[in-house]
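The data blocks that follow each hold one structure.
Shared chain: subunit A. Partners: subunit B in the first complex, subunit C in the second.
Let's look at the complex of A and B:
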């Protein structure tokens, strides 16, 4: 029993201590670094699964550090929303870590692996910390821990990556500052930083301008961090130049975490009543999301470099989630949260594919895919699965999020959003067939290329994530029933 | 073996067949034997279901996807008729494919036969779907499995045709049919087919009309104008594909889906009370006339047949759109009659190509003297498609005409008659030239296509004539549909 009570600590503590141990081992015994990381990530994943199941069974779990009660100490509270996010983070990290075991050897000089993995686990720690903390300022601190370690991880891909990351650093810092300013406004007005207490105090100040300013600052800050159109400029630049080992971890989770914070603030700090009723910006936000989807898809079509294309697909997918959230119908909100899971897996798969294509064929132009389909078996199967999900073909998970998004949008009369969703489906279909045509209608090179056997450390996580995409779709009933508990009563 | 097991078997057998074909990929004879065996077993399964007494409208639910909507199958009179046509003609087409593919030395034959089998599996899935979502899923699977067949030649033409194919079919299904389906689900909470319709009559008629149009054009496989251009483009595929898939299976899946929407989602009563049948007939009538007129100007034989198909598909929709008992019976019967007639014509076009490498009508002067059997079969097929006795096409057109009379739509009657005349105008000159004009080059005596390419059109032509006398085996079954209305 006591083990289970400590779970909220374990999920944060395990990656933190793994990071520290790796830091030491990097100097003392570099050979053990990879194994230690694997042990750390697996035990963390196991803890997160247990935590998720416990929360499903017995409701929200609270954990106070050193038994100091809130608001003096830091309180962790794990409800269904963050238990789900923690599970997701571990699932993605586990797969990304296994993949990185091979890709790091290619991308990072071998004497730096220890430092790389130290930062890697610090990043995971930060990500988990953000989801689990119940304190708005503590969240900012963890946000910066994430950001700092991710800057270093992204920049380790050579000169161009460093420049792109520096640009990201400037913009990301502005985003984080905006968030902090917003929180400061709330603190001045209410005298607390604990989210639960903020939630209680805010209804009394609904119509003051301070809360409006706080809301705007926090939102814009988070929009920058999640690369919502038109604040998405940094994302394609960074994701196309950073090392694959890093993007596999960061691309699926980085933007999603900011969306998580947004949802947390909407539901449990500002409250759905304020967001959806007091403020009258729903139509504007849905239009913004619609534009994000359309612009992202159009850019994705016009870029032929594979990683640029998928970077813009991510921009469009952010539009899906934000749009579904702001439509405010229980179906579309559930679909948004479900799509956080689905899109994380899809992004992970897309970048893993980028990796193998790049490592084996030394190119990521469309023409490289003529060889991909001929030579890389598992990669091509993953590519088919992930695009089936992006387009929205059942039984992959992408179909179900899209279906419920459309259902919600129709119920609330946001027809333009439906059009955008379908347009984006067709756009991604186009992108897939552009890759496929490069193979299908090209003359096989002479001599006939032989099948390359991909490294098992690549294939295992790729098979894992493809299975995940399908499994998430097949078991979507279960996930929607879990998510229905997250949606606040006022919105159901 | 229960009926449900049989239904699942019809969907699984072609998939198993595709796997067998893959296994025997290196040994052509065994591979083709696997194709044949699959086609025969499939036909046997469908035949087991082809029994009006057994149809009871029970539904088999597999997985519930959304509240009230699951992957589920059932079989009624319509699905049995459709499955019968597709599976029986697959046997003949397999025979024909062997002759054609070997005769023209096509490459990647294993892939060809595999995709063919998968396409048949998807067709069976569409036929036995019990709700719109299941139908939609199999509809998309059919598009994907036929994509590789359209692009089979893997050259620039094929790429262009296949691209067009995808853009039209996916653009329609994802862009129009899918949202319409979701909106119907949002309104009604169900997608199950039901002959009294599931759409509430009190709902905003403008919205319902918009949804109807989205379905009509969204199921682009039916080729209603102006969403028809993919079909002539798809003629780049090898002829067996054009004959079975683009005269029977694929295009009729489109028509079938539209019939399901008209009768199973909207319901005939609602169609009539809202006067939507006029809209459907109007769109179809426009397509009938325009397609026939375009066909007059075609020189490429396969393109001509494609435009003829577009017109004939619209016939069927017009017949069902009449929403009168005889109109619906005639429309569904025309699925059968047109299938046998048009596949004969395509078989002949392919046979001519295999023997002489001629694609254009202008080159075919006097070809009847060289290939009398093929061109005789062509003549019978043309009779059937035009709707003249003693071929099956006459019966179905007759019924549709009567249906138009019952519905008091004189204008539709005129459309039927005019278009029949146009059909004759584009078919009979070909036959005249083939038999009565002198060939441009010295004739070489009688030189027919290889037997594999010759026997199939003979069989289907004979069937077209037999159906004139024995159409009742289908009408008794179809009567179950119209009785249900």
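Let's look at the complex of A and C:
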């Protein structure tokens, strides 16, 4: 029983202490690093699954550090939304970790593996910490822990990656600082940093300008971090230059975690009443998301480099989630949260494919994909599955999020959003056929290429994530019933 | 208006930092801009905990029958929060300088324009 009470600590503590142990082992016994990491991440994943099931059964769990009650100490509170996010983070990082066991050997010099994995686990700690904390300032600190370790991990990809990461560092710091200013305005007005207490105090100050300023600063800060359309400039550069081992972990989770914070603030700090009724900016935000989808898709079409294409697909997907959230219909909000799960898996799969193509064929131009379909079996199967999901073909998860997004948008009369969704589907179909066409319409080279046997450590996580995408779609009823508990009563 | 001069200074510092990050060509100066930007926010937090005529928040003795008057002391919470924020800021600056150093090793210059020119040349 006490084991279960400690679970909210375990999910953060395990990766943190794994990072520390790996840091020591890197100097003392470098051979044990990879094994320790695997043990750490599997036990963390087990803890997160148990936590998710416990929260499903018995409701929100609270954990106070050092037994200091909430306004004085820092409180961890785990409700369905947190538990779902923690489960997602562990699922993605487990697959990404297994993949990295092989890819790190290719990309990072062997004497630095220990340090690389130390940062890797600190990044996971930061991501979990963001989801679990119930304190607005603690969230900022964990956000920065996460950001700092991700800067270092991204920069380990060589010359161009360093420069791209440098700009990301400047932009990311501004984003996090904007969030901090927003929190300062909330603190001035309410005198508390605990999210639960903020939620109680805010209704009495709905119409002050302080809360409006706080709302704007927090939103803009998070929009920078999540790369929503006019503020997406840093993303393509960073994700195309960084090592694959890092992007496999960061690309699926980094931007989605900012969306999680946004949802947390909308639903449990500012409250849905403030966001959707007091502020009258719904049409504007939906238009912004619509533009994000269209611009992301158009850029994705015009790039021929595979990783640039998927970077802009991510920009479009962020538009889906934000749009669905701001439409404010229960169906579309549920679809947005569901799409966080689906899109994380899709992005992970896309970057894993980028990895194997790059490692085996030494190219990421469209023309390389003719050889991919001829030589790399598992990679090409995953490619078909993931694009089926991005386009939205029924058994995969992408279909269900799109269906409910359209349902919600139709009910609220945001027809431009529906048009953008369909356009984006067509665009991704076009991108897929461009890759596929290279296979059908290019002459097979002489002599006929032999099939390359992909490494087990590559195929295993790729099969895992493809299965995940399909399973998430097949069991969508279960996930929607879980998510329906997240949506606040006022919006149902 | 004059009473809120701390907010005015904070905004000036922040805008100064933001301007340096955007307009300066030297990447070290960009980092200095980032540090100024963060300092502005730290100042903002510290100044909102201050009260006119208040003391530092340390109790030299505690009498059970004489309640503590909170108005006599500055709010210590904001200062403690900023200790953490300063640590974060130092870590960010340190990492930024490391990256700047690596960029210098690769391109032999701190000037943004020259770096971008060199990247263009490599591309051609």
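Note that the second predicted complex is superposed on the first by the 492 of 492 C-alpha atoms of A that agree within 3 Å, B and C clash if a C-alpha of one lies under 4 Å from a C-alpha of the other, contacts with A are read in each partner's own complex, and residues count from 1 in each chain.
Definition applied: contacts are C-beta pairs under 8 Å (C-beta built on N, C-alpha and C of every residue); 3 or more make two chains touch, one makes a residue touch a chain.
Note that the structure is a prediction, hence the values are computed from the model and not measured.
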{"item": "Touched partner set for A:382, first subunit B, second subunit C, both or neither", "value": "neither"}
{"item": "Which of subunit B and subunit C A:441 touches, first, second, both or neither", "value": "first"}
{"item": "Which of subunit B and subunit C A:151 touches, first, second, both or neither", "value": "second"}
{"item": "Contacts of A:394 with subunit B and subunit C, given as first, second, both or neither", "value": "first"}
{"item": "First (subunit B), second (subunit C), both or neither touched by A:162", "value": "second"}
{"item": "Partner chain in contact with A:411 - subunit B first, subunit C second, else both or neither", "value": "first"}
{"item": "Partner chain(s) touched by A:177 [first = subunit B, second = subunit C, both, neither]", "value": "second"}
{"item": "Partner chain(s) touched by A:403 [first = subunit B, second = subunit C, both, neither]", "value": "first"}
{"item": "Dominant toucher of subunit A (residue count), subunit B or subunit C", "value": "C"}
{"item": "Touched partner set for A:426, first subunit B, second subunit C, both or neither", "value": "first"}
{"item": "Contact set on subunit B toward subunit A in their complex", "value": "64-66, 137, 140, 148, 151, 154-156, 158-159, 163, 166, 170-171, 174-175, 178-179, 182-183, 185-186"}
{"item": "Touching residues (chain side subunit C, partner subunit A) in the complex", "value": "18, 21, 27, 30-31, 34, 37-38, 41, 44-45, 48, 78, 81, 84-85, 88, 91-92, 95-96, 99-100, 102-103, 106, 115, 119"}
{"item": "List of subunit A residues in touch with subunit B within their complex", "value": "391-394, 403, 406-407, 410-411, 418, 422, 425-426, 429, 433, 437, 440-441, 477"}
{"item": "In the complex with subunit C, residue positions of subunit A that touch it", "value": "137, 140-141, 144, 148, 151-152, 155, 159-160, 162-163, 165-166, 169-170, 173-174, 177, 180-181, 184, 187-188, 193"}
